């Protein structure tokens, strides 16, 4: 991975609100991620973590609030250009079922990065190698195991070399070995200057990967800070209760 | 003569068929093909545009598409063909002379587009929203995401229904007759119909039917084959287990119950 | 159908329903056969009604497509076919015909500004005819390569739009259309049709055919035929060579005088 | 006179329309409805059976369904109607007399079933195999899983294409004419055609078209409305944002880009 | 939950083989679970864990080998009857998207358990309460968060009171609190006599929940035993390497 550190950006989410009908899912979320840093978002199911990620790359427009990249609001930019800078791995993967694994990855490389077929295939194979799926290049997603699908989704997003990556439960279907592998990959990306937001419910993973941790509950960030502070010196009683349940 | 043999003679009189055969082969078949193929191409392209317009959030696209579809699907084909054929005849006369084919093809395409548009729309709308999110998150514009990800999946889901419409089109091609045809412009059905009218025997009509079958059956099977290939990625020897009662596409391999 | 003798007595003509003559016809070919105010009428149908009455039958008309008419007569779905059917050799293979009861003139309709004045000038022109009619037979026989349309409206549309140079029509239709066209269409010429028209019967249904032939002679003799001629074809003279029915009965004079247009 | 006024006269003569109106209302409309509704019901039921047979793994169900579909879709409707109408006439005569409606409805249904079967099949086949697994894992038999889970999802995906076929059926109902109709049995198109023939202009035909529109447009919109309700679970006030370019069903709420 | 202990059964998987075309996914799997006990299956992504669960309730027929409930082969029985005794929670949930959450649960209760509408709704609501989703009864699955969907899938399977439950990554989308909740639920079920097979890649969870643990790799069970034995005294080098990666 050769991401130029000069292109890395900071990310700020400021007072983002969003409601699905009467259901107020985000109720003033703030989040700061410095350049090249990784923020983990933890919190109970249904607290709005996935929704927050979707507002960052504007798959959903917030009802109120702002999202800034390097201090510049993304809400005024072309959303397509924005999403080319912000990669995302979905909780449900959202692979394209009618294409082979390889084409799932090369499609955007060719059409958006404008690589030639050969270049795109080369990049895609490298990425597949990285997630241990070189052998599955020609399979359809439906013929992959859960963990294999998740890894394809990761490879697909990373192949585009975004400045910011949003991972939604990026390791939920992965075994401990692969989690370690993804962890190493992320460390490398982070060293390369990539800014990352990782939603996870595996606290061990958060502790390892995060430069900062935000705890969300019912659409707000209740507490945020360094991992050590969050995991060892949590202040908010809700967060304490949450962490007390970790096995 | 008993009723059964009368019936047989009425529909399966080999002499009548043999008599009609040469004209059907040399005149009817090419004409049917010209009409159906041109209208299928034009109608499918227009249908795709209608489908896209029909799911747009801009009401200035959605409403015209809706109105167009309602009208061209609702009017009797004969009336539409007459309206276009008669209404545009003076214009057509200047451009390409009295040949009724261009206007006939236009009318057939416009009608077919209304039906095909609805078929494509139902296919496209059946693709999960997550697929669009997946594509747009990669940085594709709405148009690219539709073109590269949503539409291909959507169309594949309704290929058999689309074939329905192509087959209907092959048969509807006989309606250009309303615009007046010289003998050499008649298509399969017309020739069969004329034989039926002049001899009172329907065998030539049935022969036209056999020609239709010779066109539509291979069409169906080619599209089904493409369909299967697209679903499974590459040619797989489809299991054909008589003791198993399920063959859903994309069903996991192995033997299921 | 069964063949017991009581059947035979109750239904001597082998009809679908005893006492009812089920006649296949068209609904859209005036003035020969058509539907008006919910009643099947036209010269051929009115004549058939009159003839059937002579042998104690009530006619029930059903409309269908011409291409489906003769086959359904032959398959005994209809007892008789009534639709100005011209007797041809090809049709004789499918059905039997009664005695001829009508003849026809062709009219030649052309756009107002046309230079065509007679049937001799049609070679190389775009001539329109209604498919399957005697006019179609004539034009095809003369190698005119006619443009075929499904109905009279189609032919009129062709003339009006300028996509055809001439229309060979039944003379009465041609006259009426020219009159209704606000001067856009005129009648250029007239010609006597070569073959007579007759009712069609299923092959072998001789009892009915012969009974109706006899009844036809009766309605000619009693003046019905002449009255209907005058009603539907006012001013059209009967050509010298034509004798309706068996040819053994005298034709009473028509109530109106003949017009000189038919020369 | 200019071509436009010719066109106007040919198709929009109010007097001709007014003359045809009462008969269309009292005779044509009920007859068209009887034919189309009965054939739609029977055709859809048969179509569903064909679709199920067509995806069965038992070739003894799949092949007959395939052959049936190929034949009834491939033959010209006129030929099929004549074959059935004439072929079964002796039987029909004994059971219900000379009325052509029962056999006409049968023929129309058999034809429609072939088309509707393919539409349903494409919808059912587009449902993910995981859904069948989900249902069967709960203990449902294959039949129950199909009936309760797969078929409902599949049908909803192709409702617009199914409406296509119902509309085609409303119009095809005019083909019973081939079997011979007494005056009171004529449907909308026939009445329009007959008036057109006796008046010398096509306005009555266009009036029949307007009647068709009055049937098909509400049908389309009712089904679309049902479709939307089924997709979203309960009535939602559909957002109609002109600045947004996307309206995929089931798309997440909120405003998307 | 009121499962009669007398109805609990033991489960044996014997030398099960399965290939997808050339891909030999299961290559002689053996697994024993005593009545009312819980076995955890761990192993790398793609090792065949999900496929194994599918062969147990015969969603896939094994090419060779046998599956026994209380010593009686299930391969000769009616598969529908079998599946009414064996519940399953899928890795991808497989909820029915065209039905509300409530109807996802009541459908089988009414059609298979033959409960009245009212009874079925009552049972379903109780189950939803148990997984903390009473408020979402009328929502469609697509409008739920990942963790919420997973909980509906669990509720749907448990509502039918099966004798055997197969969980495929049953807690992958759940936060630590919910994992604890599911753990408690499973302990209760197990005490009630339910026999369970749980595929998981969360070793902490496996340690807490399992009476026995089986480690799968490339279609075979490499090592199986008590959790303590597996997690502390693993013998097979492959398993040791695998466990060494746990965060």
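Letters A, B, C, D and E mark the chains in the order given here, with residues in each chain numbered from 1 onward.
What we mean here is this: a contact is a pair of C-beta atoms (placed from the backbone, for glycine too) under 8 Å apart; a residue touches a chain by one contact, two chains touch by 3 or more.
Small disclaimer: the values here were computed from a predicted structure and weren't measured.
Undergrad: Going by the touch criterion stated earlier, list every chain that contacts chain B and also contacts chain C.
TA: For chain B paired with chain C, the chains in contact with each are D, in label order.
Undergrad: If you average the CA coordinates per chain, which chain's centre is most distant from that of chain A?
TA: C
Undergrad: State, to the nearest whole Å, the distance from the C-alpha centre of chain D to the C-alpha centre of chain E.
TA: 46
Undergrad: Between chain C and chain D, what's the gap in Å when you average each chain's C-alpha atoms?
TA: 37
Undergrad: Distance from the CA centroid of chain B to that of chain D, rounded to the nearest Å?
TA: One centre to the other, that is 16 Å.
Undergrad: Centre to centre, by mean C-alpha position, how many angstrom separate chain C and chain E?
TA: It comes to 82 Å between the two C-alpha centres.
Undergrad: In chain E, which residues are in touch with two or more of the other chains?
TA: Correct list: 20, 54, 59, 79, 92, 142-143.
Undergrad: By residue number and range, which residues of chain B touch two or more other chains?
TA: Residues 3, 7, 10, 82, 86, 89-90, 129, 133, 136, 193, 202, 205, 250, 252-253, 257.
Undergrad: I need the residues of chain C touching at least two other chains; which ones are they?
TA: Residues 67-68, 71, 75, 157, 161.
Undergrad: Spell out the part of chain E that touches chain D in their complex, as residue ranges.
TA: 54, 57, 59, 79-81, 83-84, 87-88, 90, 92, 94-98, 100, 107-108, 111-112, 138-140, 142-143, 156-157, 160
Undergrad: Sort out for me which residues of chain B touch chain D in the complex.
TA: 3, 7, 10-11, 55-60, 62, 69-71, 73-80, 82-83, 86-87, 89-90, 115, 118-119, 121-123, 125-129, 132-133, 136, 142, 150, 157-161, 163-165, 167-168, 171, 174, 189, 192-193, 202, 205-206, 208-209, 212-213, 215-217, 220, 239-242, 244-252, 257
Undergrad: Which of the residues in chain A end up touching chain E in this complex?
TA: 20, 42-46, 49-50, 91-92, 143-148, 151, 168-169, 172-180, 183, 201-205, 207-208, 241-243, 245-247
Undergrad: Give the list of chain D residues in touch with chain C in this complex.
TA: My answer: residues 1, 3, 6, 10, 23, 27, 78, 82, 85-86, 89, 93, 97-98, 100, 177-184, 186, 190, 193-194, 196-198, 200-202.
Undergrad: Considering the complex alone, what residue numbers of chain D touch chain E?
TA: 130-131, 133-141, 144, 148-149, 152-153, 156, 230, 232-234, 250, 252-253
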